[in-house]
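Paired with subunit B in one complex and with subunit C in the other, subunit A is shared by the two complexes that follow.
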Partner chain A sequence: MTAPSDEIKQLRPELWETINERYPGSMITKTDFVPLARLSKLLSQTRLTFVSSAGIQPRGSMPFDVVHPVGDFSFRRVPSALSVSDLEIHQIKYPTTGALRDLNVIFPIERLQELAAEGLIGELTPNFFSFIGYQMDPEHFEQTLAEDIADAVVSDGAEAALLCPA
Partner chain B sequence: MTVALDVTEHCKPPRSVFLPFMMGHHFGVPFHRELQLRIILAALDHLIKTERSGEIHLFPMTWAQVRQEGKVLEAEL
Partner chain C sequence: MSLQYLKEAVANNENEKLIRYVRLHLGDGNEAAGRKEIDKAWVEALKLLLDVPPTDREFILGTLNNQTPATLAHLYFHLHFYFVQRSGVWIHDGTL
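Here is the complex of A and B:
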């Protein structure tokens, strides 16, 4: 089922204001929808990327700072050809019970590799992209990390992206 | 891909898939390969078919159903 956002009833309409009262400016509210960019070619000819805030990173890379009071505004490139055993999670702000047993429940790298191998997706970008959520300065986040990731995604030649906020 | 409908409504992305699952489990439960694929395919289908910005696809499974499938799957492993 598909529905326009304005036809869906808010589950917790007061929560947003409550959080913003306690942590001013911490929650993002946009007034306009992002303009729709249509896919310009068949999916089987499209280069897809995956962007996640799950704190997934290649083993041995610099761990995310998960205890910084404001946030860690860096990201990691995760080569899309890696196997799950090459990856680890550095984030403590969401339940990782499933992901610690099968990383694909939050970072489905194996499934995306399979879909690309089958030809349903044209190809994957050389890298996927990962950062950590729970950033307490959304304006700084938009001006720095979001722009940095967008540049990296474009640099990898992505034509479509799945975004997955953990 | 979102498990937080209210957050998504405030951020207003052009298209999204709402998965009514536990946080951190957007693609279901461990080792449920078929479900993980189904969720990705739902997102890719929505990527192609969205007519106007703001459309949210509601994935037609509950977390209880997903957990039950996971239990059955793991019992067979």
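Here is the complex of A and C:
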């Protein structure tokens, strides 16, 4: 097992360059990284939440605004006890073919439920959290949506968060 | 393109930059595809009116008169995707 490192790197810089070539200025590089917090206890004793940019939401809830040219800065609570049949995707900016066959590939709600039932994870927060990743205003995103999700995660009593970009 | 880039284009009246962004947005990063998508939406709208079916002009004029320009602009983007979806030729990876 590799020892955890405090060194933080920009992931996949070549991808940033490629996207910036097509959408100049759309990908930002953060220089003021917030250090990741270390778990202070075992995962089996930890309350875990899940945060996803996959555009997953409970069926019947207000669809994410995927047509807006700047983005949708709202998020959805996804009760962690739901099954994938209770969920749907509203997102047009990534291939969803695989996810439509089994939503767990992009939003592993049932796998996390299984791990919690097996005791590998202490417990799950009452809700998971979802938004869409297509955002044209990173500053607004950071100041509103990211803060709103962080508040909601804390309110749900999360002790650790699994973050999953789509 | 960042939002700042687009706002500067508006301030400098550089419409070509804005048009390029709209095409990229509607074409999922492919400008030529976005241009075709815009044409496709208009063709689909035109086809629906060729037989001059009854339409609700009171609703249309009421919407235009009573809604904010921003809401109408948002509606415009919704209508684009509505007609693209209605055309049956969907180039996007996901769903509305």
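Please note the rule applied: the second predicted complex is superposed on the first by the 139 of 166 C-alpha atoms of A that agree within 3 Å, B and C clash if a C-alpha of one lies under 4 Å from a C-alpha of the other, contacts with A are read in each partner's own complex, and residues count from 1 in each chain.
Assume a contact is a pair of C-beta atoms (placed from the backbone, for glycine too) under 8 Å apart; a residue touches a chain by one contact, two chains touch by 3 or more.
No experiment lies behind these values; they were computed from the predicted model shown.
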Touching partner for A:Phe33 - first (subunit B), second (subunit C), both, neither: first
Touched partner set for A:Gly55, first subunit B, second subunit C, both or neither: second
Touched partner set for A:Val153, first subunit B, second subunit C, both or neither: neither
Partner chain in contact with A:Thr96 - subunit B first, subunit C second, else both or neither: both
Which superposed partner A:Val78 touches (first subunit B, second subunit C, both, neither): neither
Which of subunit B and subunit C A:Val67 touches, first, second, both or neither: second
On subunit A, positions contacted by subunit B and by subunit C: 28, 94-97
Touching residues on subunit A, where the partner in the complex is subunit C: 22-26, 28, 55, 63, 66-70, 89-97, 136-138, 140
Partner subunit B, residues of subunit A touching it in the complex: 1-6, 8, 10-13, 15-16, 27-37, 39, 43, 54, 94-99, 101-102, 104-106, 108, 111-112, 114-115, 120-121, 160, 162-166
Subunit A-facing residues of subunit C, complex: 1-6, 21-22, 24-25, 28-29, 74, 77-78, 80-81, 92-96
Residue numbers on subunit B that touch subunit A, as the complex places them: 1-2, 4-15, 22-31, 33, 36-37, 39-41, 43-44, 46-50, 52-58, 60
